[in-house]
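What follows is a pair of complexes built around subunit A, which joins subunit B in one and subunit C in the other.
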Partner chain A sequence: MKKIQFFKVLMLALFVSLGVVGFAQHGEEHQPAEHAEKHEAGKHEEEFNLAEEALAHIANANAIHVFGDFYIPLPAILYAPGHGWSFFMTSKFDAHHHGNGEKAIDHYVMKHGVIHRIADESFPYGEVAIDGFAHGKIEKDGKEKDVAYAVVNGKQYLLDEKSTLDGGMLGGGKTSYMDFSLSKGAFTMLLVLLLAFWLFRAVAKGYERNKGKAPSGVQSLLEPVILFIRDEVAIPFIGKDKYERYFPFLLTLFFFILGLNLIGQFPLAGNVTGNFSFTMVLAIITALYVNFSGNKNYWEHVLWMPGVPSVLKVLILTPVEILGVFIKPFTLMLRLFANIAAGHIVLVAFVGLIFIFGHSGQSMAGAGAGTVMAFLLSMFMMAVELLVAFVQAFVFTLLAAAYFGAATEEAHH
Partner chain B sequence: MGGSITAIGMGLAVIGGGIGIGLIGSKAMDAIARQPEAVGDIRSNMILTAALVEGVALISLILSYIL
Partner chain C sequence: METIFLSGFSVFRPEPGMILWALVFFLTFWFLVGKFAFKPITNALKTREQSIQDALDEAKKAREEIQNMKSENEKLLAQAAQERAVILKEAKEMKSQIITEAQDKAKEEAQKIIASAKTEIDSQKNAAIAEVRNNVGGLAIEIAEQVLRKQLGSDAEQKAFVQKLVDNAKLN
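On to the complex of A and B.
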């Protein structure tokens, strides 16, 4: 019966994060302020910008880039106030070099694999061929901002920023549209959902079939992992009599993060756990669950620490403890995101050695040396990332268990 | 990214985190050598503490990258 509860929580977490990541479209991917792109409209840049390239590669996208000009299209679900909903496959953009689409559809264009919207109302609706993209800087509120333009018939149209979860309220700039598309990240999550469902159905069936007998098949693979989470994480941190309530959630966290970490190592798959919006949703769900299951002692220790002079409580302890309630999920979110994103950035940087040494295809000998180095270094990095995938899934679960333990601790003084 | 003062900040954050995690690792090894039967408890507490230290370093990394 515990299994059924586990599946319910798994499904809930998967669907909630699926919806939000699909909606949130990597709100954090700010381009570095120094990034200076000098290329003119319609001309491809000759210079290799590693930082920009790395960020584009780990970002969420609206199409899966396989090789060259071949993209696997994904459904686009877009809403613009005043125009309404738009549904189409992203293959309609005719994406070519660098994931830049050659067509605008109902004001939407694809740049670097991501859908943007042309806010200018004078732009015609329907399918319009575009000549290319241009970059520029504008002054806004005393700050210089990088902006992109779509070039149509020699005229430049300003592109909106990517749509974000907060609708631009937190400083990203208000966008004229909202992107609910099934993006690369959401698609990857759907894959992991199906895989996890299939695997754990097999495990659950195995427990019915092998009652009182040794486990068989995939059950033998996953049982030690489940027992490890129970004996090394749940019981020591939450306690023997209370862990059962939080165990399904902890297992869900562990296997979901682990699955996404591992699938993120494959080419083509989306980088989900290295996505700010996704780790934010996980951290918020965990924080809500922790704080709603906090007992009287937990809140007493947060708000009015017993045994401490009142002056100290008001001046230091209570503010710090209340801050701590928010800092805990914040660090959960940052740790997972930063570890996975950093690993992917380093990997792209190593592969980028080929282009740096080869001077973008001008020096074959340099490119050859770069390839050898990139091969060895990225083999090493992949091995490290495999370790990090397990450690980060474990650490997230461990810290969640520690927070549950702190929230449900009984008084003992 | 390169050639700016943020790079110095990132380096400092890594130094701090590195020293912290190094100390944790060395003390954990000491503890395991003294009491090998407690290796399970020591390992999970070591990873927990290392994760907390690393969290602080990563926050400063992210902040120096964003700001």
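On to the complex of A and C.
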């Protein structure tokens, strides 16, 4: 556990230092309040903004950027109240440079690989060619907000972002449409699902083939991991007689998170475990499973702790325990999300250093030295991320097992 | 920084689309691997561990059995040795018994032989004595016959003759 703490401290330090870097970048490269990105060739005079780049890299997208202007399209499933459902492949947007689409489809446009919607009802439905995108700021609830526009025939149309469930608390909220597309993140999940299922079927078949014999191949690669989860996580926390019921769920958690963490290390794949929506789903499923597994003893300890004066129970213990029921999954959700998202941001920041040195290269020696340093830092960060991929999958599973253990523990008074 | 956080930090916002797909894919994955992979794997692991445990138990049992057999063998050996000793002792006893019996029988037999020899000797002696007696009687009669034949001669001659016969008889 000491090692895990050490790496958490390391991650925190890196995250904080990144914040400083990002802030400095933002301060230095403050862009003019409004500037248009036109698609015309040879007119790309955009400045490199590290913070924006990092956040764009960990964000979900509706197409997979392979290299240059080449994008793998994904299915778009969109719903706009008043208009209805729209289904199409995102290749229809004709996205090239920076993932900016050259067409609007039924009010939808693609900007930086992400679908947005033109809320303005005067805009025509169907396919409409767009000239480009523009940025601006508007006043909303007394706060300045960055917004983007689609430019069509010299007119700017405000772009809506997809609806989110935070009610505006985290800068989202209900907008004119909802996005249920099989996004980059969802596609990555599907990929991991299929890969992992294929892998574990191979392992299961190995057990049939090598019945009564020593394991071989991929079977011997994964068996120690499965045994580790069983002998070091499930049995110690849940108990030898009860663990079997929860063991498949724990394995599912561990390998799904691990698979997504690992695939997230690849440049093309989406960042799923560093996406709040995903960790939220995992945490909620875990919490529901834990609390529905809770026995009498568990609920007694939550609601009416035995052996404690009633006054204390009513005033302190019961409220705290009930809060704990919600805080436990909340920490599960935040821990995984923050660790992975932070790791990716730091990595993008280090890789981004190469571009910063390249862009600002007034002194060749400085640029070279900076690039070497950035390269070494990126390598280090990748190694740390690899470790974090395992550690976070393990920690999530371990804590889930601990919660199951607490929920199914028998009274021992 | 705040504006960037708000506008760009989209991963921090719960999106219905992502939530839906995460739910669908996680539950699908759970169902698929739980049913078609983890179940057979955990069962196979359990069976294998059980068989290993069984094999170990059996080995232990076999070892114990061998141990038991060894001690039994030792016991048997000890018993055999004891029995051998008993048999040897009995044989010795029997031998000495046979010898004494044989000696006794031989003695008895010898006694019998001696006794029968004695009676034989006695009867032979008696027979010899009777024969001698008979011979002496015959001789006396013969002498008396010759004496009677010579009676017609002188007394002196008779006397000398008898004397001569007696002397001859004595010499015989």
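Assume the second predicted complex is superposed on the first by the 350 of 413 C-alpha atoms of A that agree within 3 Å, B and C clash if a C-alpha of one lies under 4 Å from a C-alpha of the other, contacts with A are read in each partner's own complex, and residues count from 1 in each chain.
Just so it is clear, a contact is a pair of C-beta atoms (placed from the backbone, for glycine too) under 8 Å apart; a residue touches a chain by one contact, two chains touch by 3 or more.
These numbers come from a predicted model, not from an experiment.
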{"item": "Contacts of A:V203 with subunit B and subunit C, given as first, second, both or neither", "value": "second"}
{"item": "First, second, both or neither for A:K155, with subunit B first and subunit C second", "value": "neither"}
{"item": "Which superposed partner A:R335 touches (first subunit B, second subunit C, both, neither)", "value": "first"}
{"item": "Partner, of subunit C and subunit B, that touches more residues belonging to subunit A", "value": "C"}
{"item": "Subunit B versus subunit C as contact partner of A:A51, first or second or both or neither", "value": "both"}
{"item": "First, second, both or neither for A:V391, with subunit B first and subunit C second", "value": "first"}
{"item": "Subunit B versus subunit C as contact partner of A:A402, first or second or both or neither", "value": "first"}
{"item": "Touched partner set for A:H96, first subunit B, second subunit C, both or neither", "value": "neither"}
{"item": "Subunit B and subunit C footprints on subunit A, overlapping residues", "value": "51"}
{"item": "Complex contacts: residues of subunit B adjacent to subunit A", "value": "1-2, 4, 40-41, 44, 47-48, 51-52, 54-56, 58-59, 61-62, 66"}
{"item": "Subunit A to subunit B touching residues, read off their complex", "value": "30, 32, 34, 51, 232-233, 236, 330-331, 334-335, 338-339, 342, 391, 394-395, 398-399, 402"}
{"item": "Partner subunit A, residues of subunit C touching it in the complex", "value": "1, 3-23, 25-30, 32-34, 36-42, 44-45, 48, 51"}
{"item": "Contact footprint of subunit C on subunit A as seen in their complex", "value": "19, 22-23, 26, 51-52, 55-56, 58-60, 77, 114, 137, 143-147, 161-166, 170-172, 178-183, 185-186, 189-190, 193, 196-197, 200-201, 203-204, 207-208, 211-212, 223, 226-227, 230, 244, 247-249, 251-252, 255-256, 271-272, 274-278, 280-282, 285, 337, 341"}
